[in-house]
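Shared chain: chain A. Partners: chain B in the first complex, chain C in the second.
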Partner chain A sequence: MSHLELTGLSKSFGTTRVLNDVSLSVRDGEFLTLVGASGCGKSTILRVIAGLEPQDSGSVQIGGRSVDHLRPKQRNVAMVFQSYALYPHMSVAENMSMPLVMQRLNLAERLPLIGRLSPNRRRVMTGIAAEVDTVARQLQIEALLTRKPAQLSGGQRQRVALGRSMVRHPDVFLMDEPLSNLDAKLRVHMRAELTDLHRRLGVTFIYVTHDQVEAMTMSDRVALMDEGRIVQLGTPSDLYHNPSDLRVARFIGSPQINIVSGTTTGQGIRVGEALLPITVSCPAGQVVSVGLRPEALSLDPVAGRPHVAARLTRVENLGAEVFLHFALQESGAPLVLRATLQDYERHKTRLEAAVALGVECARALVFDGAGHRVDHASRAAQRVAVPA
Partner chain B sequence: MARAPLRTDRLIGSVISHFFLMLGAGFILLPFVWMLLTSIRPASEVFTAGFNPIPSSFAAGTNYSEALTKSPLLQYMWNGVLVCAGILAVQLLVAIPGGYALAKLSFRAQPVVFGLVLFGLTVPVQVTALPIYIALANLNLLNTYFAIMLPFFLSVFGIFLFRQFFKSFPQEIIHAARLDGFTEAEIILRIITPSAVPAIAAFAVFSITSHWNDLYWPLIVTTSADHATPPLGMMIFRDQETGSNYGALMAGAAIITAPLILVFLFAQRQFVRGITMTGVK
Partner chain C sequence: MTVALNTARVSPGRNAQMRAEALAGYAFATPALILIIVLLIAPIVVVFLLSLTDYQLGALDWSWVGLTNYSDMLGDRVFLRSLGNTFIYVAIVVPGSVILGLVVAILVQERTKSKAIYQTIFFLPVTTTLIAMSVVWHFLLNPALGPVTSLARALGFSDFDVFGDPDLVLVGLAVIGIWQLVGFNMILFLAGLTAIPRDLYDAADIDGADGAWDRFARVTWPMLGPTTLFVVVTTTITAFRVFDTVAVITRGNPQGRSDVLLYTLYKVGFQDFNMGPASAMTIAFLVFVLVVALAQAFIIDKRTHY
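Our next item is the complex of A and B:
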């Protein structure tokens, strides 16, 4: 059993507060991603879990047992670093066997020359070599075992770093932006491999990234962080469709969510000349932000449904789908619309002049001045925002 | 591949810069050249007026054999090797862990300790000479190798140099090592030291050169030829019989300089190797 429980973690570096009362509960075998802009404290959480940085307050439990007093190696967690952190002067095989050597040989047996005198050492080393071989075969790096890290490509180093963390069968894998040094194509490939690996090992993964695509595609649950706090914790779908906070709505989704400002009235929200019939929980006359995902806008406004007037500024053709960039007629605010290629072709001539874009009000997300969700659909979002 | 023709202005620039570089090199090398030339001259030609690089008669054989036979030059050099090796070994033993602690560990006294290291850099060896001499004299340790080595065991320069070098060592590798179960001593021994080969080579050149050439301290603590280091030996050699035989004296000087040049050439190769080895991102 290796569920992980963080309670009230806080950490400051000098006067900067990096972690602010973070509590988080990760289920056994879960793939949980911490996502956020750089400097939001996500990597610090990993280092605190690993025992590499002491927290100022709060506690870490792994498998129901507090590990606060344990040294990094006693916590039985493995970490994969962004720079891979391979030992530069050791071969791939040596790199991968190090965690086991440190675990199974005592201090005297590990000494460079004296250690060789121990009869136990040879037996243990043979066993380790066999295990390293097995893991290397799983990762398809058995041909690289004699090479030095400098002779490997980025993807190969990545696999070696993974292998080094796998050999000791840790309770928890901690991954600190492991894919961000790879090129785009390899990154997509390694994403699939990592999720596959997670499924095969069935161990808890805590994955840190600033890339919302990685967070969305790989995780069981995602915790979005900002300024040392968890803003929202939920499934990728929750975060996309039901963000509890404007920061979450902006961070998740590509292309980014459209934000237009409007004013609440008794009947709904007025955006320019259009009136969107959305009920909100705040009083009339307030300025709010209306978030519209690119697929909540359409080129075919249905009569009687709300629409906004906009002018086409730019077209991004991705082949199967097209991103159409508009500017709102009244305010000039930018809007992105996701359309199929067929839809775009059908409306092409009409798009030369200003057009009316249909707004699907049921999918609109409304946030008040402080960035909190205020539309009625938000109740569900507020519930998942509170960590268990 | 076709080489682009060198443009005239770049050619002139290159000629000028090479001229100044060669001038500088010549200025620095001149004493060595003079030493070598004197070492192959007969005594009669040493003080002739005018500058004639090629002597009219060669006396290399007599000069060098006189230098080697009339003084225990090999004994002096062996003393030099022992003293330099002893000093360097203890210096590395202290400076590598010290530099690591100052660069990578955070403890409350760290700024104070680093401040003291910087302060130590400004204290010349002459300042502490008298108290150390008195202590050694009271302990009856004068005229020993230990006495010659003692003041140099702690090299604040070494600590500073290694601290600067380790500052740039990736913190993530140290974190990985701690997670893998390395103790701090093992991190120093198995991770940090192998990566510090270029720094060790550079420091070794500095340390060996200065202690091989040091005359001041050996002159204070030794009076016997048994423990004399090469420069002190040269002095004893001059005082004794050779007196005015500058040819033999220069031959001796050439012999005791040769190991330094070898050490430097060896360290230079290590240097390049070390740099390519750490070319890991």
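Our next item is the complex of A and C:
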């Protein structure tokens, strides 16, 4: 079992606090993603789990036993680096054999010339070669085994790095932005391959990325980090539909969530001239942020439903759907609306002047001055309807 | 058809433009080319021509002697002895200063606060004048007055005279050579060490290569390949040119056991004024240096770059 438990991890570099009391529990076989802007501490968590960086306080448990006192190789974790960190002077096969060679041969047997005298060495090396072959076949790189890393493309290097981590059958795979050095097309492809690999291996994956799309598309659960803390931990759908913090709402989702500021009144929230009938628990007269996903806005304002006045500024046509960029009539604040191409074509002529955009209040997310989520009545009903 | 017409119409203009560009290129390269010819090629040609004559420095007449100087040189015991001594000297200095330079670089790199101080200390010998330092070393190792010999005596060793002992003299000179070169090699190795990506050490840690030896053998040493090659070549050439210490301290003594190539060349050319034989030796010297440089360029270079 490779259930992973982090308790109260803290870490500072000099006076900079990189991790601030991070606790996290990862189930056996789970694909968990740590996502956040650069410098939020996500890579440091990975390095602490791997044992490359000692934590100042807190503890790491893998499979129920504490690994704090263990060296990286004894923790039975594998790591894939953003730079792949392949040994440039070794062939693909040698790169992939490395963890097994270090495990199974003693110091004398590893020596360049003297090692060959050992009868054990030949036997072990044959075994390793067979295992490397099996993994290489799984990753479809068996034809590359004799090449050097410099002769490989980015995607191939990525596979070799994966292969090197797979040969040792680790309890936990740690991946530090493994796709960010690939071009956009290959990245999408490797995303699918990685999730597929995760399913086949059934091993715990801890994946670090700054790309929210990767986090959303690959993970079982996502932990969004900021300033050394986990802001929210949940399923991708949770983070999108039900963010607990303004930072989460802003980070997750593309195009970004629309944030308009409003003031609470007895009847709802006033945004400019419009009154959105959202009743929150805050006292009246407080400034709040209203988050509206691009799909919570519509071009057809239903009579009686709340709407805001805005003017079209830019159109992004993606083929099947269209992102329409508006500026709010009173404040000029930007709004993005997600529409189907048909909807856009239907309203095209009307959009030349200022228009009223329908607001689906049930999907509005309200945040108080400190950025914390404030629940509201119409929202609570909506939450049930959100698919998990 | 249109395409063919177009190319036909375009090509004369393009040809003219290419010619103009080529001409401009040569024009830009000319000053450098002239300098190379005047400063490097011409002197070598002159030396080679001199080596075919019996020219004596200051003499008014001279004659061609063909390859006599070369055949004399190959039969000359002093020349062969100094060549042998030079090789022994190189064979001690190169491994000594390269290995020490690497060890010092690795040790210095792991320091954080004191790094700059150590770097400066080890680099100091490089900045000094070897002639002046030779005098200091001569004194340090003086059998009667030198602090090193006094210390050895105090520790119970028997008396020794480094520069007077035929078996020790080359070793003594080599130690000075190493002392002077270690700092320079250290700087080169430090540059090489800084260029090794940290990720590789992290990967090695996770793969289980986390002992000092494994980290060195699996990451540091292979990654330093190009640097090491460069250091070996520059050190070999520098060591081959040993002259200052011999000229100041031993003058080739005792019994010619510290005669080295450049010192013999100097004696023949500027004490005996025999420019012909001296030029022949210079050509021999150039050939050795050239061989080392070519070995780098063609054989080893391919095997250390990944």
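The working rule: the second predicted complex is superposed on the first by the 376 of 388 C-alpha atoms of A that agree within 3 Å, B and C clash if a C-alpha of one lies under 4 Å from a C-alpha of the other, contacts with A are read in each partner's own complex, and residues count from 1 in each chain.
In this text, a contact is a pair of C-beta atoms (placed from the backbone, for glycine too) under 8 Å apart; a residue touches a chain by one contact, two chains touch by 3 or more.
What you see is a predicted model, and the numbers here were worked out from it, not measured in a lab.
Engineer: Answer with clash or fit: chain B and chain C placed together on chain A by superposition.
Structural biologist: After superposition on chain A, chain B vs chain C: clash.
Engineer: Check whether A:320 is in contact with chain B, with chain C, with both or with neither, and answer first, second, both or neither.
Structural biologist: In the superposition, A:320 contacts neither chain B nor chain C.
Engineer: Would you check which partner chain A:102 touches, where first means chain B only, second means chain C only, and both and neither mean what they say?
Structural biologist: both
Engineer: Considering only touches as defined above, state whether A:370 meets chain B (first), chain C (second), both or neither.
Structural biologist: In the superposition, A:370 contacts neither chain B nor chain C.
Engineer: Just checking: does A:353 make contact with chain B only, chain C only, both, or neither of them? Give me first, second, both or neither.
Structural biologist: neither
Engineer: Tell me which partner A:85 touches in the superposition: chain B (first), chain C (second), both or neither.
Structural biologist: both
Engineer: Which positions of chain A sit in both the chain B and the chain C interface?
Structural biologist: In chain A, positions 47, 50, 52, 71-73, 77-79, 81-83, 85-89, 98-99, 102-103, 107, 110, 148-150, 164 sit in both the chain B and chain C interfaces.
Engineer: With touch defined as at the start, can you tell me which chain A residues reach chain B in the complex?
Structural biologist: Going by the criterion above, the answer is residues 47, 50, 52, 71-73, 77-79, 81-83, 85-89, 98-99, 102-103, 107, 110, 112, 148-150, 164, 181.
Engineer: Please give the residue numbers of chain C that touch chain A in the complex, ascending.
Structural biologist: Where chain C meets chain A, its residues are 197, 199-200, 202-203, 205-211, 213-214, 218-219, 222-223, 225, 306.
Engineer: Note which residues of chain B are touching chain A in the complex, please.
Structural biologist: That would be residues 170, 172-173, 175-183, 186, 189-191, 194-195, 277-281 of chain B.
Engineer: For a test of understanding, state which residues of chain A touch chain C in their complex under the given definition.
Structural biologist: Result: residues 47, 50-52, 71-73, 77-79, 81-83, 85-89, 98-99, 102-103, 107, 110, 148-150, 164 of chain A touch chain C.
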